[in-house]
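Below: the structure, in structure tokens.
Going in written order, the chains are labelled A, B, C and D, and every chain counts its residues from 1.
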């Protein structure tokens, strides 16, 4: 965070410009691959909203991604709903599912929330194969893809790229504005120290449900866009399974705090590296995700601290919790960083 | 005063992560001596004890009975005979009183029969622990838990017993009983004691010497009686 | 201003508060003192609604506080600090103070602007620094600034002198008295530093083992034999 | 009659869930972490058992060797991966997820995609009681779990290391002060958990499940539900919770029309959410100040 504000703004403008120019210089196969990276970046931005602001980890975002993708796909294929309306419906469905999970997340935190979201992630493929008549199960569902508007000079792959890029920029702008708002401050305070935050008027309930819903809405939007840009979804598509959650988490850890560059860089590395590896064998890609994630978390504490995977307080939080006779010893020494020596008084 | 102290702390610095808490503390405890450590909340008393017993990042020099323990593990320090009774007593609430006592001898190699004999000696000193042997320690009263914590520490065969606020949360009569016990242990067995305590008069009453800690540095040290009688000093550093 | 009547609270069989009764007069400095484990912080947590007492009454200017949620207290003009300066490490110094100001805007009550609050507490130079790694004395001033920015009538201070050096304690006392005069505050503080308490408070309440054992002017409390016994054990 | 048959089958499944749930509880009691990879560890143990029988070892000795190897691997993973991560807030949770994916991938890479059966631990055939069939293997699996649980209980209650383990689980800070080697207890806990997982994985094959890389995926979900029901720190709770989940799964999928096996997962999800909301310490756990 050493660079100044204008420098950062210029860097972001250059990044956006580069993103806009990319499809003009690459062959369709590459543009399609980049589109997929942008889709993942949106999903990661969604997860970052939850983890970055509240310090909660969700292992279930693959399910919100899947809900977005399947509601969109099924509405288009089986109900003939126009694509734009289907994307909106898919996005909102993921948001509603997220709000429903936001309610338990008021009380379920940390490891317990991870259990719930893990089981949620494990449930989606099971549900998809149970309703395989509609969803296609493991056989999958072919979804019509976004096509260029009539008379456009853009090719199909370029059109899809720009739609997803537009969505990503809108999402990042929204998160940026939230970050600078009063609500953003309240969210950070809540993530840091709930009791102190409440003492200063922060209302955890609304904020937690809201942020969970917003986070899953964004990730569901990524899923919806995935359906209409890739054109094929199935219950074994890795983003719909727990592997998807791992990809999002890995990208989040790689990317760190920067709002636009973070998800992009994370998504690019998380997508491209295993793709290289999986040319030899697809199982190696999954292994690589897990191994990269573990290695990053163990070896690069600096990159993680920027993610707000903060170190556990080395001296305990204020013991304002009901513990008149605490079982665990809590030193009530506090810190100070003074160094001036003072003469010792000696008596006797 | 004997020439070789039992505990010799020299220029000790300690920190919790980024926060430095102790800035070059030196103190000694001689064999058979009772030393009390006074100071306001947040002065670093607990950190000092935790640094001595190996629970905090520390630099400087700590020698115990001639052995350098600056880098020793907590378990190694306990087995040398430097045993702590932590603040809030640190009993194992879910385990029985009997099991708590057995854990006291964890670092020692001792047969089951010998351990049973030692436990019965402890129970003789603290009869209430015998009555409650099969109960969960969490169900004991504060005073009983303090007795259990001391009893458990004795089973580690301490040469120096370090106590952190033994009076915390106890009624005045119970506090008095705890200090009577400590005095007995000192008188009968010649046990050395290092005590952190809020209750200045009571602890100064059993101590040979005292140190006053403020903001991570020793401000005052001297004979307990002198500190007890110096009203100006008490007002300045002990708040009363 | 604040009335505490017959407040009692037990945790797992330990009676932390027993029939605690006292009053905080508007415009004054009331101190709550007593040995460790006396129940002072528990009392504080009841007033700031983090804990709910088993029985008894708690009222602020005639409003019953027992039914008020903790997050509503700042709107009623109550702000507090914590024993260990509970700042928000992911916000910088200004961000921490702005959290307080956010509340004031919500309550549409006049409060010091953020910049003025920072200046008052000599924090302007540190405004964009992270709160992690600040010296304890500075952290405590940031926390005080956060509380003041919320425009309180009643300021609850939990050990403002804890962990400070001799000189810093004096500074803290002077700062507190100055902001109290300037903003017309009422202060309730929990403190161990008896000298600081005696020199700045108009009224002292002494607790021991969950009970109030003395209540009155500093000079009266100081010579009360029960207080001396609780503190000195003799 | 159908219901009764389903009940019997459910108890058999429940014994497996209980075994894995117990493994999760032991690991949690030692380090305060839920090991999401516990099921995948069990899969790897089962794969190892298959490989060992392929080398001509009898199935019982193969299980013993696999359990010992699992103990070593679990302890090693605790030391190398889990311990360095323990000091930070949410990092361990994400690391557990990473372990899950890695272990699953290792299974696929080493064992391949083709499911293979494992030789039974118990004789074929069984009993028929008034129309209800009970296979010997089902009785054997339940008895095996009972023996394992008894041995484990004796270890924790009677031995010095067991006592030290329980001390660390109750109060890690106080344990350090008492000179108990806390890190070693964490390591032992993860080792025992992995060995329990080996027994669970091999037991599952005795109920007719083939060894393959996804064999434990749904078992993990049911076991997590069992652990939630019983309380994350309660061994008894894990056993009872496992039995409950086995019976619930069997009855729901057997009696409710149109419900396939996979939707049982949704039942687990509902149970987990409801219990965490209403009684987060589980039915058998004691309330405690949050430690997670």
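Just so it is clear, a contact is a pair of C-beta atoms (placed from the backbone, for glycine too) under 8 Å apart; a residue touches a chain by one contact, two chains touch by 3 or more.
Every value quoted in this text rests on a predicted model; they were computed, and no experiment measured them.
A.B. asks: Among all chains, whose Cα centre is located farthest from the one for subunit D?
C.D. replies: Centroid comparison gives C as the farthest chain from subunit D.
A.B. asks: Using the touch rule from the top, work out which pair, A-D or B-C, shares more C-beta pairs.
C.D. replies: Result: the pair with more contacts is A-D.
A.B. asks: Just curious, how far off is subunit C from subunit B if you go by their C-alpha centres, in Å?
C.D. replies: Distance between chain centres: 32 Å.
A.B. asks: Between subunit B and subunit D, what is the separation of their C-alpha centroids in Å?
C.D. replies: Roughly 42 Å separates the two chain centres.
A.B. asks: Centroid from C-alpha atoms only, then distance subunit A to subunit B, rounded to Å. What do you get?
C.D. replies: Taking the average C-alpha coordinate of subunit A and of subunit B, the gap between them is 49 Å.
A.B. asks: At least two partner chains per residue is the criterion; list those residues in subunit A.
C.D. replies: Where subunit A meets two or more other chains at a single residue, that happens at 310-311, 315, 323-325, 327-329, 332-338.
A.B. asks: Which residue numbers or ranges of subunit B touch two or more of the other chains?
C.D. replies: Subunit B, residues with two or more chain partners: 18, 41-43, 86, 90-91, 93, 142, 168-169, 215.
A.B. asks: Multi-chain contacts only, two chains or more: what residues does subunit D have there?
C.D. replies: If we look for residues of subunit D contacting two or more partner chains, we find 171, 173-174, 177.
A.B. asks: Which stretch or stretches of subunit B touch subunit C in the complex?
C.D. replies: Residues of subunit B touching subunit C: 18, 40-43, 142, 165, 167-172, 175-176, 198-202, 205, 214-215, 235-236, 239-240.
A.B. asks: In their shared complex, at which residues does subunit A touch subunit C?
C.D. replies: 182, 185-186, 188-189, 191-193, 195-204, 308, 310, 315, 317-320, 322-325, 332-338
A.B. asks: Within their complex, state which residues of subunit D touch subunit A.
C.D. replies: Checking each residue of subunit D against subunit A gives 33-34, 36, 81, 84-85, 87-91, 93-106, 108-109, 171-174, 177, 217-218, 220-221, 224-225, 228, 260, 262-263, 265-266, 268-269, 272-273, 276-277, 280, 289-290, 292.
A.B. asks: Per the contact definition, I'd like the list of subunit D residues that touch subunit B in the complex.
C.D. replies: Interface residues on subunit D, with respect to subunit B: 160, 163-164, 166-167, 169-171, 173-181, 286.
A.B. asks: Once bound in the complex, which stretches of subunit A touch subunit D?
C.D. replies: 55-57, 59, 104, 107-112, 114-116, 118-120, 122-123, 126-127, 129-130, 242-243, 245-246, 249, 253, 281, 283-284, 286-287, 289-291, 293-294, 297-298, 301, 304, 309-312, 321, 323, 327-329
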